[in-house]
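What follows is a group of structures, each given as structure tokens.
Presented sequentially are two complexes of subunit A, the first with subunit B as partner and the second with subunit C.
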Partner chain A sequence: MYDFASYTEAADIHEAVGLLCANPNARIIAGGTDVLIKLRSRDEAFVGRDFVGVTRIPGMTDIRLCDDGTIVIGAAASFAKIEGDAVIAQHLPSLAQAAGSVGGPQIRNMGTVGGNLANGATSADTASMLLACDATLVIAGAQGDTEVPLAGFHQGPGRVKLEHGQILKEIRVAKAGYEGYKGGYIKFAVRRAMDIATLGCAVMIKMDGDRIEDLRIAFGVAGPVPLRAASAEAYAKGQTLCDEVLEQIGRKCLEDTNARDSWRAAKAFRQQLISVLPGRAVRKALGGDGDA
Partner chain B sequence: MRKLINIEVNGKAREVAVDVRASLLEVLRGELELTGSKKGCGVGECGACTVLMDGVAVNSCISLAVWADGRKVTTIEGVSPEPGKLSDVQQSFVDSGAVQCGFCTPGLVMAATALLGEQPSPSREEIRRGLSGNLCRCTGYSTIIDAVENVAKTRGQA
Partner chain C sequence: MSNKVIGTSVPRWDAWSKVCGKADYTADIPVKNMLYGKIVRATIAHGRVLSLDTQAALAVPGVLKVLTPADLPRVKHATAGHPYTLDRSGDVYDKNILTEDVRLYGDEIAAVIAETQLAADIAAQKITAVYEEYPIYLTAQEAMTEGAREIHEGTKGNILADTTAKVGNVEEGFALADYVFEDEHRTQVVQHCHMENQTATAFQSADGRWTCISSTQIPHICRRILGEALDMPWSSFRVIKPFIGGGFGNKQDVTIEPLVVAMSIAMGGRPVRLELEREEVLAYTRVRHAIHYRSKVGVSKDGKITAWQVDAVSKTGGYASHGHSVAAKGGGILCTLYEIPHMSFRSRTVLTNTGNAGAMRGYGVPQITFAIEAMTDKICKELQLDPFEFRLANFKKEGAPHPLNGIPMVTNKVADCLTLGRQRFGWDAKMADSGAKGGSVRRGVGVAAFSYATGVYPYSLEIAGCRLTLNQDGTVKMLVGATEIGQGIDTGLAQIAAETLGIPAEMVYAEETTDTDIAPFDTGAYASRQIYVTGVAVAKAAEELKDKICRAAGKFYEIPHSAADVEDAFVINSVTGERVASLGDLALRTYYDKARAQTLTAEVSHNCHDNSYPMGVTFAEVDVDTQTGVVTVRSILNAHDSGVIINPLLAKGQVEGGMGMAISYALGEDLFYDPKTGEPLNNNLLDYKMPTCMDTPELDCMFVEPEDPFGPFGAKGLGEPPICSPAAAIRNAVCHALGFEINALPLTPGKVFAAIQNNRGGGADV
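Our next item is the complex of A and B:
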């Protein structure tokens, strides 16, 4: 038995928002693969809450391609759904790869991409990948929907820019976020399944011949929140792709990140990964042998 | 706070008044007396509690029972074709020596059943990945992978 006060299944997003607004003790639960674990360990942010379930809200798990090329992912779409979705496979295979690196099959069947973002973990595999895609978030609230960039959504470990009464409804990747780009995600972890990233590195790269036209690099666990490597990205633009340039990109990434010591890995080891993984992720994105 | 839910468990429609705070595993083992699904870690890491919900493998220890409302749940008790018989996956586990203490076996059989439903002829690497949510502390896994591979081969010949 879990120690919470009540459970209500929201029939639609308005009901979910209403339930949250009417009750300061209410909290969202989606796939439960994070919330129920925290409840089991008696995390006081979750004990005694009134939970509102959102996974049965119509459209909340859908993935679709809009006429303007925007990919819309319902926040309650499971990792397995993303991994197996035809739209994602065609336009954003690196996101399928990132989703496929989460936990094991049972966890991927229940855990949701929205939960992966909204729980505010820096290690979230889909967070860094979506950050590299310039994703935006549609947030439902009492005043209607608002769309905000994913960049800036994470405020600190376990903290995101969601006020009480707001629900992450959709994740959007505009055409400009993926068209012409190739993506790669490398999850560096001790085990190849059922593990949390020691470091995650996501890249989206657009080539013009052998020149890098654009490169976006995002990291998980390279700081308190998932983050982009702005100076490395700025340096990369216009460079001819070669090992020296990739090494320099790696060095620049160290300036953009803020790795720390944890029981999983030492800061020095994470810094080594930060300098090496972007190059490997680029090679992986471009179809070479870059797997970690 | 109790809620009346309708679930089809192993092909049989059941109406159960569940505590909303209960896990699916607790309802299966407690109220429905289906004790084949095991509680190992209780936090979704070991897979001993794996059941199929609408054909998809889930950890029943970290699924709320209310989430099964309106869904089909298959437990280890429901995989055999008739009482006293084993499913081909179960038989293959026996024949391949994939069972030692047996505590992980129900979960592994369910995970393997789900995997073979999605991928009828998985490679050994795909089997490893498909079973990566299940821990076994006895066998060292190789006989378990053999068991799943043997089912795929046998089904392929049928």
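Our next item is the complex of A and C:
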């Protein structure tokens, strides 16, 4: 049974912001696939709260392509919606892949991409993929909307740059984030479904013939927050794509990441995945096999 | 005459009601004025509760009472669902309903009763305890260390039992050997993960006695344990088992029933429900024993086993539960799989401050089979012997007596399982296709055989009961004490009744509940016994009822009863073959003939003095990704000798379920404990890696069907056998792919990767 004080749905984002600002005990709930689990386990940060539902706010689940080529994803769009959306399928199929790797069908019907980011988990499958797309976030607040990069949004495990009263409203991927790139996401997990990533690896690659013009690599679970592999990316630029280069990219990724030991996986094993998966993700992005 | 019902895939009678959500499980059954319970659990793994502060809990609105050990009988009970032994020597009486002595993290130290589940949950969280803490022992080795504190007072060295089963003289056997092989094998702690969590409701019935509706595999045994735990006459209790969402042995222990009845007693008889959450089930009910084996095998130049020595150390957790029987069972398995002239099987069962191990599908046999077949694989590789020839040369021969108890293994088709399975699996082609497969993938094949025992005779009582009633329209109501827990035993037993009576299976009605006030006595669902033991009770009852039907036919129709028979639900003249009357017509007369009415029933209690041996072999083909350690099962086949198969579709379901459990036993599942505190780390289904359907490959199975002389219509047990050998076969396939040995389960990517690294660095095998 769930222990909460109230549940209110706002008619629009301003009302939702207002509800939050007026009540320090208020908390956002979207799909509930994380919040209800924490409530069930009686997490003190969640019990007894006044929940403000945001998934039925008009526009919050829309996915659209702007005239300037920017892809705009409503923060309350479910994983299932992203998986099946025509705009995403045409321009950002790797995000559909990442969204499709979350949980199982029930979770993907309820869980939202905004929740996946705002929840602050390093393992979030869409977080690393969107990070590799140079995504930005539109955040609604009492002072209106602000747009910030996704890079830097994650502050630590379970912590993101959102003040009380702010709501993640949209995720944007500008044309420069995806045009000419091919993307790939590999979720390495013990199970093929209903699992959390042991390591997630997202790449966006732009080729110039057989040379790598640009490569962006983002990881989940390679550190406390989703992170980009800057030195590996820098090394990759201009290299001719071959197995040796991909291996070198993998080794470089170790300089950019901070894997640690836990009962879930040993550090050495995580490091092995960090060095192996980028190459596989690149191959996957370019249409070869390479599924982990 | 050929069978009409046996051997056909009669649909389960309860299938539609289950898939449509109509079947009522314990928590679905409405009870008036219900109260709700919640267990308060220790937050240390070893120590003593000095004081409990319940004030804040009692202040939570809706909370009615907090029970502590002081409120309950001080008498100890044994939780294992074993048949009672008249001298009470069978089990260890070591458990109080609530305890001050904490023996594992999560031990039950108090309980809240409230008007809502939420109030009970909130209150349970508010209860704090002051402890005196003792050193914790998470491994058997630590618990056996000199000077370690006794987890249960009086258990020296924390060793519950230390036994050695012997055949011949193992030293003589090694003297005869030309080669001797030694190795160690380790298995992990896993949990049953039955779909329905343990749930029970208790209330005082109109007659003043105590009814307990429970998701139990063992209603009659549960009633006896309630009597022992609450120190009241056994007949004070009535246990009712409705539909059950699986048990796999975990519900062969009495875990929550004494507490929920005690709660109702404390509330003056008001109904109380106790429903465990998944986290509690995973960590605080029962688990499979982790066993560490040291094996030594002697082999002669001509490829015959001369001696086999095993030293097994089994971790049972904080309480005895099934005690030593799980570890000790391995000796009988070893010497019934192979002909071993000289065997010594030592086993020790050790108390530790970890999750309590009990019965789990296979009862120690997946563990010992892993050790046996890993050794067999090693011998074949090192002596460059063909794994089929070596096994065929050493398998126990059909008809030979069980070396430890003398019962002849009258049917034993393990050799046929091996040779026919080899063809069906396409072993030779797959073997030729093994090795490096491009990229980082290596492919391998593995095989493993097992031996099993259907029931528990001669070590324990075997008893089953059946009552059949001829209804007014000629249909038959069947009541058994055997427990339907999802495996489909009701449908199989109805087929036995129908075949014997000469009626179609749909004319036999099974019963969804087992009620100890109503159902004939039977010890319940465990081992692989029910088709074999209860099946005979059903066949006997059906023969008796049929005889009564024929006698009634002689009374009501122009036919001598000796000539009467029943075929296709008609009374026939067995001499002429003519139909005399429908069974419905005869039944109506037995109820309503004014002068001669006498309803027809038959009741049988069957004390079984037999045991038969289901055998089998698993074949597995795997890919190992040497960069990531990921093992993918490409194909897998279980070949079973379980005697005559009563219902092929249900049998296939049983085998597939067992194989699915076994594959994740081999590759993924592992319950972890914090090394510093003993707290379970992954007692939830996100972190505990139960497989999904996407992780399970196509599962193939086949049956070799000798007619066993003891089981009904030639059947032997099949409930547990499917889980016995897949893990060993998968391990052998992985080792074949990699070219070196890995001797600890599970073969997770992280472990396989570490083993590959170690092997490259010339380090020891993991």
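FYI, the second predicted complex is superposed on the first by the 292 of 292 C-alpha atoms of A that agree within 3 Å, B and C clash if a C-alpha of one lies under 4 Å from a C-alpha of the other, contacts with A are read in each partner's own complex, and residues count from 1 in each chain.
Note that contacts are C-beta pairs under 8 Å (C-beta built on N, C-alpha and C of every residue); 3 or more make two chains touch, one makes a residue touch a chain.
What you see is a predicted model, and the numbers here were worked out from it, not measured in a lab.
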Once the shared chain is lined up, is A:A193 touching subunit B (first), subunit C (second), both, or neither of them? both
Return first, second, both or neither, reflecting whether A:T33 touches subunit B, subunit C, both chains, or no partner chain. first
Should A:Q106 be classified as contacting the first partner (subunit B), the second (subunit C), both, or neither? first
Which of the two partners, first being subunit B and second being subunit C, lies in contact with A:E9: first, second, both, or neither? first
Determine, under the contact definition given at the top, whether A:A265 touches first (subunit B), second (subunit C), both, or neither. second
Look at A:L273 in the shared chain and tell me whether it touches subunit B only, subunit C only, both, or neither; answer first, second, both or neither. second
Overlap of the subunit B and subunit C footprints on subunit A, residue-wise? 1-3, 104, 192-194
What residues of subunit A sit close enough to touch subunit C in their complex? 1-3, 42, 104, 188, 190-196, 198, 263-266, 268-269, 272-273, 276, 292
Residue set of subunit C touching subunit A in the complex reads 116-118, 121-122, 125, 627-630, 668, 672, 674, 681-682, 685-687, 689, 691-692, 694-695, 748-750, 753-754, 757
Contact footprint of subunit A on subunit B as seen in their complex: 1, 3, 19-23, 26, 42-45, 47, 50, 56-59, 62-64, 66-67, 69, 111, 114-115, 129-130, 132-134
Residue set of subunit A touching subunit B in the complex reads 1-7, 9, 32-33, 36-37, 40, 53, 55, 80, 103-107, 109-110, 192-194
